[in-house]
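Below are two complexes that have chain A in common, paired first with chain B and then with chain C.
What follows is the complex of A and B.
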């Protein structure tokens, strides 16, 4: 039996109450909405939280829709709601695609926009029961001191496994946070830090309140995910592509290619964007961009799937995502 | 609304909610999941205890009209909620058409995934009376079955849907 450790449950009705509870209980409290990421980790004794602050009943976190030509998605909107929202599907189809590719329908109904952005980094040596982890004398991300994937690594290289985060970066999104000192907004690009332990810029006391995707007029985006089982798993590779051009035969004016499930952060590959900008989206530019993504990617052995295969699938997935944009207009 | 009262010392809460249409008020350990309360405190063992980590779907129940994984829902979050489990599907001795067709089609072998399958299917049919095979596959994507290979399950759901529409 994997039981939850003892905790006290709180269901605040406002962001201010939620933040106040977090400030009061400090590191012994955790924000939770769907619980599909946090609760398994609590059962595995990775996270020990004496207080769960459930933010899923806060009205202001529950609305989603068009906003200044883009989108504003409240943190407690479920992934299923976001994926089926008409404005989301029209304004940023890649976000809807990514949300729809998270886990299973039941998990998407529980899991939220904010939860997927804050998803704890994952690793074969970390997402295991306490006994399993004890058997290898733990790892630096929880209870131990060294990295089990690369024993000489000075830092944790657990992998960012969010499907929606690469899309947030690709679309130039902003993440809104609220803490005891008030509100602030951070670009998705600077929200993720690239360290498997300190993986996001959200401070301990801050609550992620919304994802804001800017005006997408003239933009196209797509997300391609590779995973072991099409019905449930976390990505072993994710690729989000975004670009802007005047028409389907006009040159690409601006582009972004972002890799998920490769590094501890969703990682933009500028060289892949450069291979597209100023050129028509055709077989040649797509091949060059896919090659650039392949060269930039350095997956480590911390998810399902052989390393060489995952690396090759970065090239394949980048190509597929860009081809989808090519055929969309 | 969803506040908690502490009784008889630390670690317990009084939980009042509705299970299969019946109001329940019970003192439970506050760290328990909905799954643990259903099985251990209410004796409703029809909801199965599978992976405990949200990966298998065996513990699927309907919470306020939507399927959830009971192993990942803190019981404390269920104050005032309406919960439906497999025990609520039959009316007296009359099985729900889904249960009937699952039995008829051999859609259960070991039976461990069956209650979760039934509830996921019931939820699907409430919003979609005539789902395609593909819609059924998608709706049940989070419910793993290691015995049947799924075919009989899909067929049973299609037959139950037809019966519920009055098509047969």
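What follows is the complex of A and C.
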């Protein structure tokens, strides 16, 4: 069977202790909470860590609730807890929806808010065993130098497959980090970098401590996920939509449309938002926004589903997400 | 059979408690003192010549005890005597990415893994053959050095009656091309084996295998050891579905390493390695030509199939014949031609998966019949009812049909589903489709030619009232151990849960050929019935003497033996055994089963005959999302002709399991390879290889048609494989009813539906599927006159010009 390599396990009780352990062991250490992303990657030898710093026992990372009109979700809160949290469901139902669509019930009990935001980018040429990857002479994300999806690509185009990250961007969330130099906060928008290898702005020794969603008064959001089966699968396409308007007849004042599972980052599509802003949410504006999202996307052959179908599903999913907002009021 | 107390009743499985409490010991659970762990180095190249293998560095690593390379085991093996083309590890060539190259035994699994990675191999790449088309076109290099020519493994050309004349007489002749993609078994348990070498020079192999008898024979041959010194124990299988029916490289490797080191050696494959073992569904390209009269009666049929076999023979010759064998068992086809070819390609070998070689032609034929019915303006259910193969008949290709309950199966599902109110009448997007099938209850001939029984049972009863049944059959979850207990209990009038069932151990149990071809209930059941009747006879004589009544008037029931007319007058079962022991000595009986003689006497006639055929009919109801192309299967109604249920609960479980597996095949499963990247398997894991989850499963309404077959024990026929067969075409036909597009290719993915819908919007007709069938030199046919043309089952004499 596929076995985990040996590693040393640490269970710090405070953020400072966790960061200190990470600094001490450097690149040979990784933070872990549920382990649902990291451990399979370690089994396949695409992540090599001699030390695992388990942050799931740190109390201050384990609380979730309303915060300044919005939400503050500790990084070690499980996805199941987040999805069923009353404040989350009221303030930002799209986040609860997205969390509930991650994987399976057992994985959601283990997987965490922070873990899903830090989810390693995925690619059918990368999430494979060492032996398999040797058969394709490796890829630039692990043990090789060339991108096997697009050999001329100068950078890795593994896909951001987080369900919750597109919602975080759409809702204008902030991500809190703590490193040896202290705490800082970055917008979700600038947290993701668009490179499959260096995919997030979190520095090596920084720990993601919380997701903060700002005041959502007057805002609506929705998340639509397309996946191969009724459960377990990563998104083939994820679309998060967010908007503000005074009433259901009033024009849209502000909007964001974010695509997941297409690029190495959850990608905002400004043209799709522009198609909505200043117009009533109706069949026409929805169609224009969906077309804009469709045009912005260039999926490559590194997840499941045929390419042309995945691209078409961006249009359909954007339309369906916006229609849900239309019917919500 | 209304008087039965056990048979036909929903009894628990004899191994249920152990299974649900986690006490069943699968091969992967076994651990022996001083045990070593084995890992196999597998090829990273799809096709190449091995220039050198150097184990020096690997063997020097800490914890490494021994290694194996190809030259250590030069004798080949293979499940079919006509395709003996495998070695424990490759000797001179690698034939697919994943082909075993060397093996290591070490103190820990981790050490073995490190050692495997330290093995130095030099492989000179050869041109890769990646598809059916390339297999036909590329003569050199050859993947294997046998077969009629180039990379053709097997070529079949059989003609039963003049099909061209049949087509000429027909009112409508259709020709269609279909493709059925490959998929795999995906049993929950990964293959595992433990080999143990004892100081007296005997070998024991514990393995997750469906065919311990064939593994036993192969070990003897490859290790050059007498069979009597080898014991193979098939552990309970965590699912088989045909994926554990071959002799596998790792089984031979651990046996060799155990002998070499004198220590037990264990291997548990990774899921990825299981994908490389494969032996799953052959991808098949098909061309079907059928001629019918204006009432839809079939006049002639010509079936051409091309199979993508992968790199080794496996069961492929049988698979090839099966793509053409059972069409005539379902429908009455008076003139029939079958041509088939299996190609070697640089992929993991295909083999037998539930339905072995028959779901593919079934898909093609049932969709074509749907089209014919539409063209003639006939109801497709009615048209099928008018084409049924007659019971108690011999088909054009010399298969002997006994009982035939397909008509009743069709009537049940038509009524249960409300077919007449739904077909072509549901709103756009929703639809229903029907399909039928037949399957064998055990192959009529063994894999290696012999006249011995296919199944043997020995029975021991003791004076304490204990009953033990010994049989070589292997429980792969289907309940074969329970069937032995039920049948024995029925005859001897004892509680099935009190019976000790000992199976699948070549030292302790009489030979049974294995859990394949849906043979176990019928064959072991008949053997058990015979053994139990013999024991009952002895016990009755003992009891008769003690009770002073005629033996023929005794009843065996509820753990007692008593007089039919006066139930009070009786003794316990244990006392009856004691009485018999006093008369005859220790009581032990045996039973065995050999299938009836087959009718065909032409080359290839050995594939297809069976003591009894099961039949299934299914109606699927689907809901197609026109924006995404997703096919949601809402419900399947399925009728299955089981002959008689030994345990109706287990029968229904098998039906539902077959429906589930069929849904996976039609909707999503796909053994896809990256042809330009060393032909690596695209998704060798359970996350990325898509198979339905619980949430993707539909409702199933099962109707059991029970018309006891004289060849089955208590009338029973098979259920393990047949019910899968009608599911894929029923769904495909339902998609057409729902949205008017034909998807002539498995699986029906949303992408294909969208493509066809777009084509329909543009041109008025929508289809997704293969358009071309390559030209093949099939050679001269073997012509056999059908029975009604005074045929005798032998090829026609070649008309020679003696002028």
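Everything below uses one rule, namely that the second predicted complex is superposed on the first by the 329 of 329 C-alpha atoms of A that agree within 3 Å, B and C clash if a C-alpha of one lies under 4 Å from a C-alpha of the other, contacts with A are read in each partner's own complex, and residues count from 1 in each chain.
Methods note: a residue touches a chain if its C-beta (ideal position, glycine included) is under 8 Å from a C-beta of that chain, and two chains touch if they have at least 3 such contacts.
None of these values were measured; they are calculated from a predicted model.
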Inset, instruction - Please indicate which partner A:57 is in contact with in the superposed arrangement: first for chain B, second for chain C, both, or neither. - result: first
Inset, instruction - Based on the superposed arrangement, let me know which partner A:30 touches: chain B (first), chain C (second), both, or neither? - result: neither
Inset, instruction - Give one of first, second, both or neither to describe whether A:281 is in contact with chain B, with chain C, with both, or with none. - result: neither
Inset, instruction - Pick one for A:11: touches chain B only (first), chain C only (second), both, or neither. - result: first
Inset, instruction - Applying the touch criterion given at the start, work out whether A:2 contacts chain B, chain C, both or neither, answering first, second, both or neither. - result: both
Inset, instruction - Could you tell me if A:304 is touching chain B, chain C, both of them or neither one (first, second, both, neither)? - result: second
Legend entry - Which of chain B and chain C A:105 touches, first, second, both or neither: first
Inset, instruction - Would you sort A:226 into first (chain B), second (chain C), both or neither based on which partner it touches? - result: second
Inset, instruction - Name the contact category of A:131: first (chain B only), second (chain C only), both, or neither. - result: second
Legend entry - chain B and chain C footprints on chain A, overlapping residues: 1-3, 5-6, 231-232
Inset, instruction - Sort out for me which residues of chain B touch chain A in the complex. - result: 1-4, 11, 13, 30-33, 36, 52-55, 57, 60, 66-69, 72-74, 76-77, 120, 138-139, 141-142
Inset, instruction - In the complex, go through chain A and note every residue touching chain C. - result: 1-3, 5-6, 124, 127-132, 134-136, 148, 226, 228-233, 304-306, 308-309, 312-313, 316
Legend entry - Partner chain B, residues of chain A touching it in the complex: 1-9, 11, 34-36, 39-40, 43-44, 52, 54, 57, 103-107, 109-110, 231-232
Inset, instruction - State the interface residues of chain C toward chain A in the complex, per the touch definition above. - result: 28, 42, 44-45, 97, 109-110, 113, 117, 190, 268-272, 627-629, 668, 674, 677-678, 680-685, 687-688, 690, 692-696, 749-751, 754
